[in-house]
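Each of the two complexes below includes chain A, the first together with chain B, the second together with chain C.
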Partner chain A sequence: MLSSLGNPRQAAAQLMNFGLILSTAFMMWKGLSVMTDSPSPIVVVLSGSMEPAFQRGDLLLLWNRNIASETNVGEVVVYNVKDKDIPIVHRVVRKFGVGPDAKLLTKGDNNSADDTELYARGQDYLVRKDIIGSVVGYIPFVGYVTIMLSEHPWLKTVMLGIMGLVVVLQRE
Partner chain B sequence: MAVSAERITVYNLADLKNTSDDAIPNYLNSLKFTQSHRLTDVRLALGYSAFVVAAACFLWDFKFGFESTKYYTAVAVALYSLLNGVLTYWIFSVEKGTVYTGTAPSGETLRISTSTKKNVPEYYLSVEVEQPRKNGGKTETLVVVRSFTNWFDEAGHFVVKPFQSMLASAIPIVGKLDPKRLESSEDQPPAYTSEMLDALTSAGVSAVGTAAETATGADASSSLTGNGKKGGPAGKRRKA
Partner chain C sequence: MYSSLVRLQNTFGFFTTVIFVVAAFIAVSDVVTPREPVVATLKTNQVQVVRGRPHYYSSKKEEYAVIKFSLDADLSSLFTWNTKQVFVYVTAEWPSSSAAKIAGNVTENQAVIWDTIITAPSSDHLANLGPAARKKLLKSAAGKAIDPSRGKLSIKNQKPKYQITHPSGKIAETDDVVLKLHYNVQPWVGMLTWNQDIDMFRWKKLKNGMSKKFALPAIKKKVEAKKTTAGTGK
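Now for the complex of A and B:
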């Protein structure tokens, strides 16, 4: 097993296999990003503010191209707020104007008030470029794994360690 | 020397194959074959350039964000898929399980690919010998199938001699370079030693004896010691 590391070509090949697994996963993610034109085409719902449509742990698939029509009232969108790094999933409830400068207001289905409180200081509405995608599909509950991983960071280290060890030790 | 110090699990087909694969270059290079690493080197070059593309993409994405670099990212994704596609093609259609390519001192090129079938403890070698161009450049292919039990003992040690004589007798140009490993010149040990025959006889007795239930225990133990004897001399014989 480990004796194969004595041969430089074999060691290089094993290291390459490990590298290619990581880079293929990354490039698939980037490919999906490019296709959907969204920096983060898959997001996990972290709060219950969109219940009963989406529960905590649901995996959302986003699409960020306006091919057939503009982003309209009623669509569930994911947006980023300046200086906050967690994207928010809420529904567009008001829209003023058309085109890239249209003013959009969002609200969580399960919230009693609209999102003006959540926006950055001095910001009263969203524009199209704040949005990173509209929800076009979802897979219930699958995202709970990532919630677990982000709430217990040591699990990440353990998982990565086990994966690396398995790849290095097996040669098939 | 004749038996490897390292032990493998004899039930692990990948271990059996990998250990045997590793022994082929060792043996052939010792016979003054010149090994060619072209296939491996091309595979490594393809794989590592794909990895470099991905790493570069990761860096600019990390540094400058998605929006300002998305066209470069699109190009990188296309390039990465292309390189990975070529790599897959290379592994499955060009390398095809090749474990050794090399040139004999007399000019023939030799290419050995090996494979196994799931749950079958047999080593499939496909050997391609190409005559040097001045002799017409003819290519000959021969297929050899041998059980791994020929060169692994019960404990999982790799036994060099039977493995090398398998190669020498199966591949004429190897046999020519190493005539003392040819199977015909090797004195074959008898198929069954007298101890093994004894063990077989006692096992036969126990099989008959199972009809009488009281006798079963004693017979089973005698057949066990018989097996122990069988393993002992067999191991010694291989080392000799």
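Now for the complex of A and C:
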């Protein structure tokens, strides 16, 4: 089985193959990113603040272009708070003004109060550029893998190990 | 070639393909199911403006509009086998003040004054309710997978869930305010959809989903306002 290790040409081909798989995945992700104009076109739900609509581990597809209309009240958006790197999925409940400077207020459907407390100090409203996309599509459960991986880091090592082993052992 | 690893891979590959094809079929089935949401009445009952503070420790005083309304709507056609929940919300919408309009800043304001989550029987177990309310909800649809009757809303003289204000803190004596009903259908898998303003294929637009224009009154007298401030501090 490990004969490929003795054959440098085959070993190189397998390495290339592995690189190809990685770069294809990366390009698909970036392509989707360009298409949707969002730095992160697919997100995994991490909290229960939008239950029962979204549970932890559900996958959301985002769209960040305003072709037909502006981002309006009622849309479920993913936003980043200034200086914090955790994306939050909540619904826009108030909008004052139009255009890129419109003031937006968000709230989780399952929360009793709006998000003013979650925003940065001195920030009372969001603006359009804080938003990295509106939720347009929904796929349940699939993202739970990533939650498992981030909560149990040893799984990452195991998975990488298995993937590497499969590539080495495969002959094509 | 026929190692157990390859067989495992093929089985897993086939499994995921089947899952995704079935999911895609379910998602597309939404588009061919007709939707005919109708609002019978949407009107305001009592409108007042009070002074209050954004939260208990704030010294800032703002004006809050308290809009009581009545709603009769039939959204039962939104409940299908792929409906997980319908989020129904009423917004108050008004243009910017006439002074700003003359200056060329035509701005629109929208704020949700009331909302509700209507779960389908298939997602009742996920609803965020107390034990008694949950039991009642589960019982109301025992044995049913889909319960369109939950889409029939009849609400009389409803107090708003949210007292709204404007970032300027001024909202009294605003003209041309309307209430609008909106909904957002959340599927088990597929696209999230909202009410439309035009007919799209088999989905009809939301009929009559807007109230008559009304004006917010001047601020209430101080004595009465004091009583209501307690309610606005979240």
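Heads up, the rule we're going with is that the second predicted complex is superposed on the first by the 163 of 172 C-alpha atoms of A that agree within 3 Å, B and C clash if a C-alpha of one lies under 4 Å from a C-alpha of the other, contacts with A are read in each partner's own complex, and residues count from 1 in each chain.
Just so we're on the same page, a residue touches a chain if its C-beta (ideal position, glycine included) is under 8 Å from a C-beta of that chain, and two chains touch if they have at least 3 such contacts.
Everything quoted here is computed from the prediction, not taken from an experiment.
Residue contacts after overlaying the shared chain place A:G31 against chain B, while chain C stays out of touching range. When the two complexes are overlaid on their common chain A, residue A:G137 makes contact with chain C while staying clear of chain B. When the two complexes are overlaid on their common chain A, residue A:S23 makes contact with chain B while staying clear of chain C. When the two structures are aligned on the shared chain, A:V43 is found in touch with neither chain B nor chain C. By the document's definition of touching, neither partner reaches A:L118: not chain B, not chain C.
In the superposed pair of complexes, A:V73 makes contact with chain C only, with no contact to chain B. In the superposition on chain A, A:V89 makes contact with neither chain B nor chain C. Set against each other, chain B and chain C differ in how many residues of chain A they touch, and the higher count belongs to C. Only residues 3-4, 7, 9, 12-13, 16-17, 19-20, 23-24, 26-27, 30-31, 33-34, 37, 39, 170-172 of chain A touch chain B when the two sit together in their complex.
Taken in their complex, chain C has these residues touching chain A: 5, 23, 84-85, 87, 89, 91, 96, 106-112, 115, 117, 119, 123, 126-128, 162, 164, 166-167, 182, 184, 186-192, 194, 234. Residues 6, 14, 18, 22, 37, 40-41, 43-44, 47-48, 50-51, 54-55, 57-58, 61, 65-67, 70, 73-74, 76-77, 80-81, 84 of chain B are the ones touching chain A in the complex.
The residues of chain A lying in touch with chain C in their complex are 51-53, 55, 72-76, 91, 93-98, 102-103, 109-110, 112-113, 124-125, 135-140, 166, 169.
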